[in-house]
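Every chain is named by a letter (A, B, C, D and E) in the order it is written, and numbering of its residues begins at 1.
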């Protein structure tokens, strides 16, 4: 079980209000994406959920428990990979698991291979390309034992094909374990392909502009991307975002 | 004038060959994009052009002069923003110009405003969102005085709208000054929308898989993205990349 | 405001507590004053003897300030030149270490013979004491410059000099301050030691005189002032650090 | 290989050059041996007197090794506890600085009264000298931990202890080594000074006796060994640093 | 007034005098000569300086200072190392040092040293001196536990581990009196003629003797006057020392001065005079005890020739 409820969260930095009265929820086993313009406050929201800092007002509940300001309740990929330079790739990906208990190196190796990083287990982060680092951070989040996963643009540095593979893989894993996922992305197709629901944030301060519940069946496959229904949805969300950006 | 010729460049890291005999050129005032899978060697190519390290074999010519291993000949956005934490945003964006001579603060302020960063001139990098930092690095490259610009995924962290605005703005600037631009991106549409030519790199080691010369007229506008011709091109390149990725 | 208040209050409380324990144990255990005088005894002597030792104090302050300034300069110059000239660094780094292993008693007659009894040999001693931590820390700071920013600078065609002033120097600032703190701590003691080279005034002289005429209370008055001076130096360094590194937050967030 | 060779050769060349200049000027300027003996004179005495001073040497090596080990431990413990307990840090940091301002001559009688003339007071002196640079550098290292990595650790629910062992400690390692280098440099001199507290053997004793019987050549033999010891210590630290920080490249590239 | 001083400075010869230790009653004559203007009368402008860690000998030998305070023991060693310093006056006629112990330790003669702990500074001369004393009573230094007490002072040392130590009575002994600590004291002079050496002495270097004998004469004339004044007026002399060096303990200076004033000249015909026999005795003794590499040529080591003629 893992259900996140965000209740009327507000946050300012200095004079600048970033989040205004944001409320939504992610049900158990649900995959929800957040879309919003650059600088609108998506990462800030993640930091608040993760307990990095406290909101000025509002509450977060995980499975009914107030987790506002509490850390370690969720598994997380930061927007910049934040890898530990003195750890090898393998040591980096097990870090989240290590913190929560026992790391499983076998699983970690298997996951790295899936992410196209076989052969880089003993490399150091500075030896990887930008996209490879991002995948390492993603694998690290997947290997963390928490049931609720927050992913902050995990695939932004990937080319279309690698991205598609990672998406498929993510869906596979998710369908197996049905963790709840909150996903930040800039890519509307990605949001549509992956999510049960898409939440669109407005800009300065971010508030919930609109929520879309997607009807696509699971398991999904690549064909979906080419379907007419998908295109319609894409246009709808595109419009919504257009309004947000010109507000 | 600024014309880059890349001649049979080869580079390995340890046992791993990254670039194999890569040759191409960017003519004066041309806008060329590089597409290739994650980890294929695009950033490495940029580092070689910029003189960060020397290729194992091959030569780079800028306007006929051998610039292999020579630094400072090009203006450059790194894939990760590499902002200076102790400099404000304004001080960061003028850095490239400062290194080459006199920085123009007025122009810098104007550019920041264009990039949607008005009001952040005196903020420090850690106060910005991921996408905002990327824009700062981009502005820094535009403000550098070199005629040849290398951009390494400058818009990967931006939402579709901000990205589109930045693209339009980039095209405007480029059409005014006609600098030569070499552009790395993962986004096929972006490559098509911006470039005169698209070069597709193969994977491990990267070699030039195919070159596409695009027939779209300039100045281009957003309508182009929706045209049938555009879609055809997109499919063609998509296929090419698919082959690359499954090789 | 409140935070600053606690920040200054808590160390003062600790020191006061220590003084109280000292005073109490002095009295209860009947520690003879010639061995370890109670704080009150020291304060009495400090007040009573003020006119006698104030010129010593001034002389030491002057000496340590000048010496510290020279030491910092030399430390910085050494760090910068060794950093900018790596071959020189290789060759001369060991000499830096050796310089810290010349006992003052050996140096003393040589310095006096070469430079007389004036202020010169004393400044040399203080400089020798102060420059080393600054040079070592600053060099380490230069060495640890951010790779990514360095790449940017190099690609942008920055000259060695620009890389140095725009990247390495600001980056090494915190390390420089680390060294500065250590050096500031040593500077006053360095001045006191230098006075043992042969001086006619200064806290060091006052202390030796007190020591050899068995006036332990005066020795402690001297120590008290050495400590106060040192704390003031240290405080100034920390204030400067705050001022210069403010606004600048941890680099890796970027 | 070649690089390592030049790395060791060039400082040796510099030192040899200095020795040659020294030898030449000694002879040309006719500097009396009681003031500054020529290197050859020192070598002669060093060879001839080996049996006389080798036990001194051993004793000092033992003393400085033990003292250094304790100093490093204390420095680390102080840095770690002050770091983990910020309120304690606030209160006790000034005491760290004060501890460096207690002149040994004052401490000496107290240490003797409390601990006698054995090895204990000497170890205290060496510890006092060595722990400080380590504590200050390491603390500064802890303070400068990467923000981004810290965010990750906190979001991942790492306990204070995990943050410490998995992030802060490895991050502070280079700073710790900065301090270690400074401390290693001081450790041998610290041992020599501590021997002046009253010891029956040791290079410090040998040196004072040589000094008081005007055997300047022997004084320089003693200095020579102090320097060699110190260089060996320093070399070991640098080797350890290479070993422990190898593989790890500048953090910010990540 | 300004003119006056510059004029005076021009005509005065500047010389430097380096002490052997912190200023104390051994140096009273110098401070008297300075305060009472005896130096000025001789046309000298004397700067009295504290020594560095290593004492005055090398500085005087190098010529950086014209005069210094030394001791026969050190000077003997220095001269056998070819350090060109010469003793030109004995400040105190007889050795006032000896082995002291708190009365409650029950050490009343050198024989009692056996089985006790001696605190010294680790020099070979100490064992030799102890042995000289003890042998006269059939004891041997072998039975004494010798400990190096470094920089610790006498009072600290005897509180802990140490039973007796070597002190100058005129300073440390007097301090004990002031502290009401009863001491047992065995003076070196009481046990061995050869150990009655001069400590302290006033030194200069050989170059001075060759090139500036008049300066030495003038200097010693003034210093003699100073010490004679101290001999005649111990209280006033103590005041002068305290005035000049206010950081010294007043009480100790007064008491010490009173004790020491009669000892400056003692049985000699004139203050400062040195006897060849004393130099020879002590150097012989040192040589016999393997404390010297070679015998001292007493000829160059000291001279009386610069002492003022007696009226």
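One rule holds for everything that comes next: a contact is a pair of C-beta atoms (placed from the backbone, for glycine too) under 8 Å apart; a residue touches a chain by one contact, two chains touch by 3 or more.
Just so it is clear, the model here is predicted, and its values are computed rather than measured.
Looking at subunit A and subunit C, the chains in contact with each of them are B, D. Sorting all chain pairs by how many C-beta pairs they have in contact places C-D at the top. Counting the residue numbers that touch the partner chain, subunit A and subunit B have more than half of them in common. Subunit A and subunit B have Cα centroids separated by 27 Å.
With centres taken as mean Cα positions, subunit E sits 37 Å from subunit C. Subunit A and subunit E have Cα centroids separated by 86 Å. For the pair subunit D and subunit E, the distance between mean C-alpha positions equals 38 Å. Listed for subunit A are residues 80, 126, each touching two or more other chains. Contact with two or more other chains is made by residues 35, 105-106, 109, 113, 147-149, 151, 208, 211, 249-251, 253 of subunit C.
Among all residues of subunit E, those that touch two or more other chains are 54, 58, 62, 153, 156, 159.
Across the assembly, chains come into contact as A-B, A-D, B-C, C-D, C-E, D-E. Chain contact summary for the complex, subunit D toward subunit A: residues 148-149, 151-159, 162, 166-167, 170, 173, 245, 247-251, 253-254. The touching residues of subunit B, counted against subunit C in their complex, run 47, 50-52, 71-76, 78, 80-86, 88, 95-96, 98-100, 124-126, 133, 144, 146.
For subunit A in complex with subunit B, the residues that touch the partner chain are 13, 35-44, 79-80, 116, 127-132, 135, 153, 156-163, 186-188, 238, 241-242, 245.
Interface residues of subunit D, counted against subunit E in their complex, comprise 32-35, 104-105, 108-109, 112-113, 116-117, 195-200, 205, 208-209, 211-216. Subunit E makes touch with subunit D in their complex at residues 54-55, 57-58, 61-62, 74, 77-78, 81-83, 119, 121-124, 146-153, 156-157, 159-162.
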